[in-house]
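First the structure, then my questions, so here it is.
Each chain gets a letter, A, B, C and D, in the order it is written, and its residues are counted from 1.
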Amino acid sequence: MASIGFIGVGNMGGPMAINLVKAGHQVKVFDLSAELVQQVVAQGAQRAATVQDAACDVDVLISMLPSGQIVEDLYIHQTGLLDHINPRTLVIDCSTIAPENAINLAQAAKVKDIVTLDAPVSGGVGGAKAGTLTFIVGGDKSAFEKAEPILRNMGKSVFHAGNHGAGQMAKICNNMLLAVHMIGTAEALQLGVDNGLDPQVLSQIMLQSSGRNWSLELYNPYPGVMPNVPASNNYDGGFQTNLMNKDLGLALEAALKSQSSTPMGYLAKSLYGLHGRKGFGKKDFSSIQKMFEKD
Amino acid sequence: MASIGFIGVGNMGGPMAINLVKAGHQVKVFDLSAELVQQVVAQGAQRAATVQDAACDVDVLISMLPSGQIVEDLYIHQTGLLDHINPRTLVIDCSTIAPENAINLAQAAKVKDIVTLDAPVSGGVGGAKAGTLTFIVGGDKSAFEKAEPILRNMGKSVFHAGNHGAGQMAKICNNMLLAVHMIGTAEALQLGVDNGLDPQVLSQIMLQSSGRNWSLELYNPYPGVMPNVPASNNYDGGFQTNLMNKDLGLALEAALKSQSSTPMGYLAKSLYGLHGRKGFGKKDFSSIQKMFEKD
Amino acid sequence: MASIGFIGVGNMGGPMAINLVKAGHQVKVFDLSAELVQQVVAQGAQRAATVQDAACDVDVLISMLPSGQIVEDLYIHQTGLLDHINPRTLVIDCSTIAPENAINLAQAAKVKDIVTLDAPVSGGVGGAKAGTLTFIVGGDKSAFEKAEPILRNMGKSVFHAGNHGAGQMAKICNNMLLAVHMIGTAEALQLGVDNGLDPQVLSQIMLQSSGRNWSLELYNPYPGVMPNVPASNNYDGGFQTNLMNKDLGLALEAALKSQSSTPMGYLAKSLYGLHGRKGFGKKDFSSIQKMFEKD
Amino acid sequence: MASIGFIGVGNMGGPMAINLVKAGHQVKVFDLSAELVQQVVAQGAQRAATVQDAACDVDVLISMLPSGQIVEDLYIHQTGLLDHINPRTLVIDCSTIAPENAINLAQAAKVKDIVTLDAPVSGGVGGAKAGTLTFIVGGDKSAFEKAEPILRNMGKSVFHAGNHGAGQMAKICNNMLLAVHMIGTAEALQLGVDNGLDPQVLSQIMLQSSGRNWSLELYNPYPGVMPNVPASNNYDGGFQTNLMNKDLGLALEAALKSQSSTPMGYLAKSLYGLHGRKGFGKKDFSSIQKMFEKD
């Protein structure tokens, strides 16, 4: 079993850290919110007094933070945590951030002989709790192999996407595609309903046909078609529109840098941008269905 | 076993008729092309000298034609085939046409006590040959139940979508969604490749994540990722861009009629429209990947 | 001076007919609403008891109707007014309808030796009242020349766009472009305001720069920038979103028929479609500005 | 008359500097290309041996550079030119860069008591040569008033858009709107032509109607409609697609930062992105017309 520091134990990080505890690891957690820390400590983790304490003398240091700026500030600039990390500690950053941020971290770490991985996740809060996340990892193959068994304690799939930043890049591509088929699914369901079809019947037909996709299969955006999804719970819970907008922003920035053209991805960003502005920022992203309804 | 008339034995209708022959039915076929008729006759069907002959004295009459205008001309206007059909014959039109055309046919038939079903298919030429098509059926439940065993000789899934026209409407919704996730998949793969990812690795990751969809799973548009798909065969074979444009045109017309707004669907039509204009009309629709490549 | 029959004296047709009266013509008017007829009669027109009466024994018959179906029903099908029109009467249809409808009318009229023109207008209710409309005319050159002086009594510009249907087609292209730059203007103004610019200053700058367009110049969609436009009057009056949606629908149908690809035009239709669904159907089309506001 | 340093005398900066010379100012120019410098020196400017030399002992220092990174490197980071500038010198940066870059420059300058303005231009190479540019200026009002007479030697309109960065922001909004109506104009013309209209006649009609915009009026993208525009010269000269893509990239980044939604602007970026990838990067931006042609 490993000794693990864990920084950032919010909606995602909290259940992830608890799964590490349950797997038998020795886990020290830090968060700016004492209350969040307490929830994990209650499951058997140790409280770290400071980020430096969380990072000190551990086999693996995991971070789960809300933005690339915060990640860079923590490790490189403001807090300069890299100065306090032992080179034998493997740093795994699970935040969803721009590939550049991940590469900046890797390069700054390398100067100090510290090895990092970018390992953003797919699967949401539900997957974090159930331990069924997908980890999409960028960095050296040998570090990936060292990290894999730890990550498997928190997820069911662990992929090596390529070099530093590749984990972030693959996640960005995935989430852009998710946004596209979620909106496409919402439009197709509304078009059918507007023309007299039953959304449940139409969903079943498309699931067995070439329209099939993850949104339709596991996350139907039309209220009442599927139990236990946000659409059947007033679009509460799930993956917030604000977070989808953040990920689509990362996709746009990546496309700008590589001069790629992604018309559907850009339109998805435009529509989720409108949706967020109209009061749906904290609702689940499948609430885009409401954009297409007739008031 | 049933006696069946079959009108229109092209790329789709030909293999469908042959599957009916193989299932033991007595099949009479008609097509304007003697050559196409001959290919089905060679498998055991009878040649009908005229459309009237094909429609005469059969339990079931199936048609598979390229447009709503042709369907209406055949049954109602020009040829007036409804005048030659016995009310005991069940008419199943498998063409992909506008819901209005299907409803017009049903209403004109009803005046003569003839029962019709609209039963467009999903699954392409491959599915037609393999007998694995999906039939999406509109019309009365009792007629649907009568048709179902016959349709199962040509397909693996048979759905009752609702009343007359509902089969067409559900297919239109499905194909619009297909166009959206095909383009979204192509964009995501290109964005990844432009940023250094391996399209095969990225495809595997997204297949296990929330980006998953039919295009990615069975019909990867990036050359070389998947064997035996058009993308790995110079985009030959498969489902032509021209046909996707036809189906997207039906979706637009339906949306105009119901005043539904489908931004992703409209953008998909715009992009496939551009693609068709630039010489890709007869290439498989997954060739949209080439739109996003850097020349 | 000419004797003129005028069918359809609503928001647009009413002031147009009054301008003909003021120019000294002898005008007989018909409308299903007696109240609307009365408003024109009060200005000196005669009341026609029936459409047949309005069409009987006049030099010119003008119609201004809400849809192509109604135009075809009036002249060709239901009412069959062409049977009651003297071949010496020039028929000028000012309705905005599909080019096909205009061509159908021209062909049905030609059989009876009657000459028609399609002459849709640009300029709105304000232009109709002020007599400053633009007429965009399709049909034979000689008929155009005969119509021109009459049309000049109602407008300041009269264009010959080409053969039958060309007037409609040119108007459709114009209004699609109008929708595109209206939305583009609203987006640019909101982007500026969101980034701290004054909408008035930004409008002045863009008016003197390459962003200049009719929407910015005469119809600024941002409240308070320009007096006497709908944006400064709670988006009341002006050109309704519903009517823009109708015209964009005609553009889409034309593009489908000619297999043209118009991505910006289709997106404009998608956005105006959403806008109409969200309760802005009867507001002026510049109210699209509200779509981009932060709630 | 003033003594002026001028850094960057390429396609735009060269003719601008020459116009300052012609107005009687004493102008010292610097560029990495000796050849470009020579062209301005030949008109009466002095050659500055280094950037420091160009910046030394002048009333006004003007820079015209290709990117925000280069501007920041010149003044703040790599070259640190601010250390060599006398506080009495007014710095006017005419480059088109992100508002953040302009604000960074202003703040770094303020620390050293140096006053800056961001003053990007609209009007292209033609406007630079003719001295008819539009300057869109951000910064303090008093500095703006000091700069205005100098800028009027190079342009016909000078606007004060607001504080530091506002000049850039207003230019970004303008160019996004320009992209939108250029593409909209190209689509409308193609739609008309595909339906039998003459592009010249259609252009005239729309110019007198509500479709009117700068692209249609001064820069018609359809070949042969207007002499002396890039469309009638194989799309050579003018404002390159690559530069439009750069400006649209700045618009996207600004929209991301302010969480504004600009669907038409994003689609314009997608289409210009595709266009640039397909070999039109160095053609004039009105060549987007070719995207809509039928091959």
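Assume a residue touches a chain if its C-beta (ideal position, glycine included) is under 8 Å from a C-beta of that chain, and two chains touch if they have at least 3 such contacts.
Since this is a predicted model, take the numbers as computed values, not measurements.
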For this session: Enumerate, in label order, the chains that touch subunit A and subunit C alike.
Result: B, D
Problem set entry | Which of A-D and C-D has more C-beta contact pairs | C-D
Exercise. What chain is the most remote from subunit C, judged by the mean position of CA atoms in each chain?
Worked result: A
Problem set entry | Separation of subunit A from subunit D, taking each centre as the mean of its C-alpha atoms, in whole Å | 40
Exercise. Subunit B to subunit D: how many Å between their CA centres?
Worked result: 51
Exercise. So which bits of subunit A are touching at least two other chains?
Worked result: 255, 259-263, 267, 271, 274, 277, 292, 294
Problem set entry | Touching residues on subunit D, where the partner in the complex is subunit B | 263, 267, 274, 277-279, 291-295
For this session: Mind listing the subunit B positions that touch subunit A in their complex?
Result: 99, 122-123, 134, 136, 157, 159-163, 166, 169-170, 172-178, 180-181, 183-185, 187-192, 194-198, 201-202, 204-206, 208-217, 219, 251, 254-255, 257-265, 267-268, 271, 292, 294
For this session: Note which residues of subunit B are touching subunit C in the complex, please.
Result: 245, 249, 252-253, 255-256, 259-263, 266-267, 269-271, 273-274, 276-277
